[in-house]
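Just so it is clear, A, B, C and D label the chains in written order, and each chain counts residues from 1 on its own.
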Amino acid sequence: MIKVGIIGATGMVGQRYITLLKNHPWFRVTAVAASTASAGMTYGQAVQGRWHMTEAVPEEVAKLKVINAIEIDKMAKLCDFVFSAVEMPDKKQVQQLEESYATAGLPVVSNASAHRSTEDVPLLLPEINANHTKIIDAQRKNRGWKKGFIAVKPNCSVQSFLTPIYALRAAGYQLDRLSVVTMQAVSGAGYPGVPSLDMVDNLVPYIGGEEEKTENEPLKILGELQKDKIVLANNIKITAACNRVPVSDGHTACVSMSFKGKKPTKEEILSIWKKFSGQPQKLKLPMAPKQAIIYIDDDNRPQPKKDRGNEHGMAVTVGRLRECPVFDYKFVGLSHNTIRGAAGGGILNAELLAKQGYIKKK
Amino acid sequence: MIKVGIIGATGMVGQRYITLLKNHPWFRVTAVAASTASAGMTYGQAVQGRWHMTEAVPEEVAKLKVINAIEIDKMAKLCDFVFSAVEMPDKKQVQQLEESYATAGLPVVSNASAHRSTEDVPLLLPEINANHTKIIDAQRKNRGWKKGFIAVKPNCSVQSFLTPIYALRAAGYQLDRLSVVTMQAVSGAGYPGVPSLDMVDNLVPYIGGEEEKTENEPLKILGELQKDKIVLANNIKITAACNRVPVSDGHTACVSMSFKGKKPTKEEILSIWKKFSGQPQKLKLPMAPKQAIIYIDDDNRPQPKKDRGNEHGMAVTVGRLRECPVFDYKFVGLSHNTIRGAAGGGILNAELLAKQGYIKKK
Amino acid sequence: MIKVGIIGATGMVGQRYITLLKNHPWFRVTAVAASTASAGMTYGQAVQGRWHMTEAVPEEVAKLKVINAIEIDKMAKLCDFVFSAVEMPDKKQVQQLEESYATAGLPVVSNASAHRSTEDVPLLLPEINANHTKIIDAQRKNRGWKKGFIAVKPNCSVQSFLTPIYALRAAGYQLDRLSVVTMQAVSGAGYPGVPSLDMVDNLVPYIGGEEEKTENEPLKILGELQKDKIVLANNIKITAACNRVPVSDGHTACVSMSFKGKKPTKEEILSIWKKFSGQPQKLKLPMAPKQAIIYIDDDNRPQPKKDRGNEHGMAVTVGRLRECPVFDYKFVGLSHNTIRGAAGGGILNAELLAKQGYIKKK
Amino acid sequence: MIKVGIIGATGMVGQRYITLLKNHPWFRVTAVAASTASAGMTYGQAVQGRWHMTEAVPEEVAKLKVINAIEIDKMAKLCDFVFSAVEMPDKKQVQQLEESYATAGLPVVSNASAHRSTEDVPLLLPEINANHTKIIDAQRKNRGWKKGFIAVKPNCSVQSFLTPIYALRAAGYQLDRLSVVTMQAVSGAGYPGVPSLDMVDNLVPYIGGEEEKTENEPLKILGELQKDKIVLANNIKITAACNRVPVSDGHTACVSMSFKGKKPTKEEILSIWKKFSGQPQKLKLPMAPKQAIIYIDDDNRPQPKKDRGNEHGMAVTVGRLRECPVFDYKFVGLSHNTIRGAAGGGILNAELLAKQGYIKKK
């Protein structure tokens, strides 16, 4: 078993990691790190009264002593790689912390947004750009790291629509313009997060920084790997409007898309989505959804409550493909923001990196 | 005082009419009509246990005896014109009922969608097309009606964005493409309407017929009056995606818009909206919002709970005007669906028609 | 495998039965019955667009042809016993339908309330009154049935508090007065059920018939089996106030209780609950919760979202045991109304009856 | 006009005070105080982005410069009395701050809980104990204050049921036992207050300190004024269980009550409630509800959304009076927690004190 540490283990994403890693066939949680406030307690004590998962804290993790996240040497002795689920507001600080772990020889698979636009850090959505991991070689060279490295995952809003978009581009259609309006769950803001006074009989048409991430991150994910950098895709434009709605889990996206040149028929699109299979499916990674894109042929779907759990929360569920009077087609996409869009996505990244040999037992 | 009858008086829109008409300076409710089930009871008895307004039933209406909606002669004796708030599912039936009232000499100001695409029936959003009422002359001639006529109002989703769009076109900018994603309140579906099981921790990305109405009705409203018909606007294209969300009142729209030719600056747009004033404002109609378009300069707004009540529920509240990577600009619009988007909008239409002389005391 | 039929299979409770019975070690669904509207379709077609479970329709059931519930002979050929999940409003009609199935030789394990107060029908909550099944012998004799019989389960509100109450009585404490205020989930009203307009920013302090059931059914469950009847418990009084709240699943009950004579200490109560084990636990019935009563020592608990799923939705979760200024103690109880309180409870009853030999392969 | 200062003016209760005092016939807001963070800004700037009322900030208040709450001399020059809406967690600190204002010669009408159990401070619910204000004379004597004093209002949960209870006691019935289960709105916790993750598809059966307040404060309100102290009522016992539910405004209480000696009939209770009129009604205080107790004869009521606004949010709305198997009767009560239960209640107290001469122009 590969030994896993989790930085930011007491927060909501950290809790989800711990829940999802229970019984993982390759990884075992052997170290949990958090801020000074929790350091020294057992993990069970540290999350007492603020455990948000429906399953109980796994016993073997409850007993672990929480390490101060800045005690990197301690962590380095206890694990083979770490998941970073840190929630510090200061981007610079997160970058430095993650770099320190990498310097200490630990691969860092991160949920944080701090390094998403760093040129030599791969921004992985494994169904789309599993090959971008190769940039890690350049990253190590650039930074003088032998074993450590940093790999990140995209923002939770991106998972709700990008795989279906990529599938069409991969099938040869020049999908070049995209309009995305998201309705995002409150769990995306962590805990305590969004006040209930804002979510009872209400919605908020704004989430700080979310539209920029939704518009820009896909350009890197769809970008081309060149030697020692990833060149952003310049043949697609995306606009996003992001809303917070009274839903606990599951981000929904209303998407319109346009093609340049040849357009697929509706039947072709449905067929491409149905047949789509990415590296996680081909490599049969443990966390991979068997069916990466699930299309439901029912006007009322997808719905967060009914569809966020599809494929254990790892699928993108799509519905309502129809012609668009302004773009070519429109559809609705949905994914589970705290599974596929956070911890589950991070684990899938780690599985890919393990399969490719970037993560291994020391 | 002009005497008003309400057809469909016991439904939610009917109830809202009765509440809003309390103390109206020009109109007085003198007759209420509903289906056979309620006919013969007093209005107070008929809505017992299913009154959905927060204010009590106005006493003078509670005493009125409910008339069977098909007893048109009775209604014709009791009022000078009628509001139609009928909720029958069969479009044909609604059309015929409304036509029978017009034949009996009663102007019909309708909320129903049945006659919205009828060529000689004006589809009125008075800030935009107050002049379309002239088509009534042709309508009367076509149908041999002397006093009666039919005028309708647009779907509730349209009010959340169309006035700001029109204001820019009226200022000379060729706004030609529009992408609209709505998040609509449950009151739009009437009562019992949307099951709560679909609205607790959930949203539904579909409302039957709503996207077609949102895409097509604006073309008539923005159309040009020619002799005896209204020619649809053919210089604008609209795409809409309509969602039901757990909000009681207030439809929110995320809008992107593109211009052909000269584009206004952001400051110009804000200035146009601020100065905008339509016929209802110029004529000082009692129900008219003083400020038809309210712009709030706060990233978090507009929000249904905070902004639906602006100008007594008759304004369009707008926020978040910003550049759009795919279109030219994007913004968020909001209006109160059961006031501006239903009964309040109907009353404003009737006020316009009264001011213009189409509605008068017998 | 014992062959199971489900009457009322297309409703919400029926859907839950089908979902929970997937992979059941003893029972296999071989027949589904519903009203004329669905009869003749495959089950998959019949629930198209109104399937409310998060898991998909099990394939082997989706293929079954829906039988008209009144074609009892057809059903009798296809199964060894039936679950009744009929939702007809007329009590008399439900009684007759269930009796017809029993007359045709089929045991009927029912969720319906129709027969709950019938003297020779056991009202089973197996942790409490597993011995009441013996009344079936009298029932058969009374009605001339050889193989068929009717057994029913209590109202969903009762499961949230009665097992903890029983545990204390079983331990020898004369718990004689009970005040229960419930906050009940919308799924308890089926689909479409409660309108969302009543559940957005609101609650309804009334559920028709619910308080009577909550006050009276426990008297039969706690009653004494005598020869050919069950004598109602007359040493306990219950008052209930039942509220509908915007929660999808999970009924919460605020309970106060008084003892006559010796009172247990708080520690004794906690110890009794912890050690409590009923027949389902002793017989290791497949659907039985391992821990029937789960106490959580955290002021904020139990909560519907966090605790309704405990023991796969079959446990009663309890918290906040504290002294009461008017009664002796108060606490909060919670159970999953559509699992423990409906289909799951029905399956547990059938398992008990199968273990006891009342249900068997033909 | 009497000049009013508001301490804690930028919080939610402070905002409500400012909104409700707009156009008040006796009082005019002339000074606003808050913490160091806001001091020096205009009030409009200070609440920018965190104004939670649906009406806009009144212009004349928006212009006021926010004073640091500890600059008591400044405040003393600007106003005749103050409303205290401070939200500091430290009880001692609140007590001292309020005492300092009183020492400076300012009457303090407080919403804070800090001084509710202080022996010489009246805990006023004016329909019940308007005469308790006389204790102010003793208070002044005890503390050497000439003009200043402190008067407080009860916890918001108490308003939902205590006036109907008092009305029955005042009519001569020895109502001696009370069981109260509340379902309380999220606005009661202020802003940001309750996280939305806890209120989407959920409720929380606990509010820190709330049950104690609900059980104890009524004893003082119903207590007897003796010379220089208020003797707690010892002839009534109350138990309370307090729940947080996903409702924005409006606390609902399910109440059971028992009488010692003679019991009123249901008709007598209804008649007593209907005729009930307290000092605020007799003195025609501006903020007083005309009908203090409103009974609605409809099983489904009261409901927060429909009834919290009754009498401008100042009434107690009651419904579902019925016999109780354990107590004598049960009913449901409801009041608006941020109007009657907070700022509106505070204003009513000040009006009473002004009418009685305790508050006056300097």
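By definition in this document, contacts are C-beta pairs under 8 Å (C-beta built on N, C-alpha and C of every residue); 3 or more make two chains touch, one makes a residue touch a chain.
All figures in this text were calculated on a predicted structure; none of them were measured in a lab.
The set of chains in contact with chain A as well as chain B comprises C, D.
With centres defined by CA atoms alone, the chain at the far end from chain B is C. Chain B and chain D have Cα centroids separated by 41 Å. Rounded to whole angstrom units, the spacing between the C-alpha centres of chain B and chain C is 48. For chain D, the set of residues touching two or more other chains reads 52, 198, 200-201, 246-248, 300, 305-306. Those residues of chain A whose C-beta lies close enough to touch chain B in the complex are 177-179, 181, 183, 198, 200-206, 208, 215, 237-239, 241, 243, 245-248, 252, 254, 256, 299-306, 319-320, 324-327, 330, 332.
Here chain D touches chain A in the complex through residues 52, 186-187, 191-201, 246-248, going by the rule given at the top. Listing the residues of chain D that touch chain B in their complex gives 48-49, 52, 54, 200-201, 248, 298, 300, 305-306, 309.
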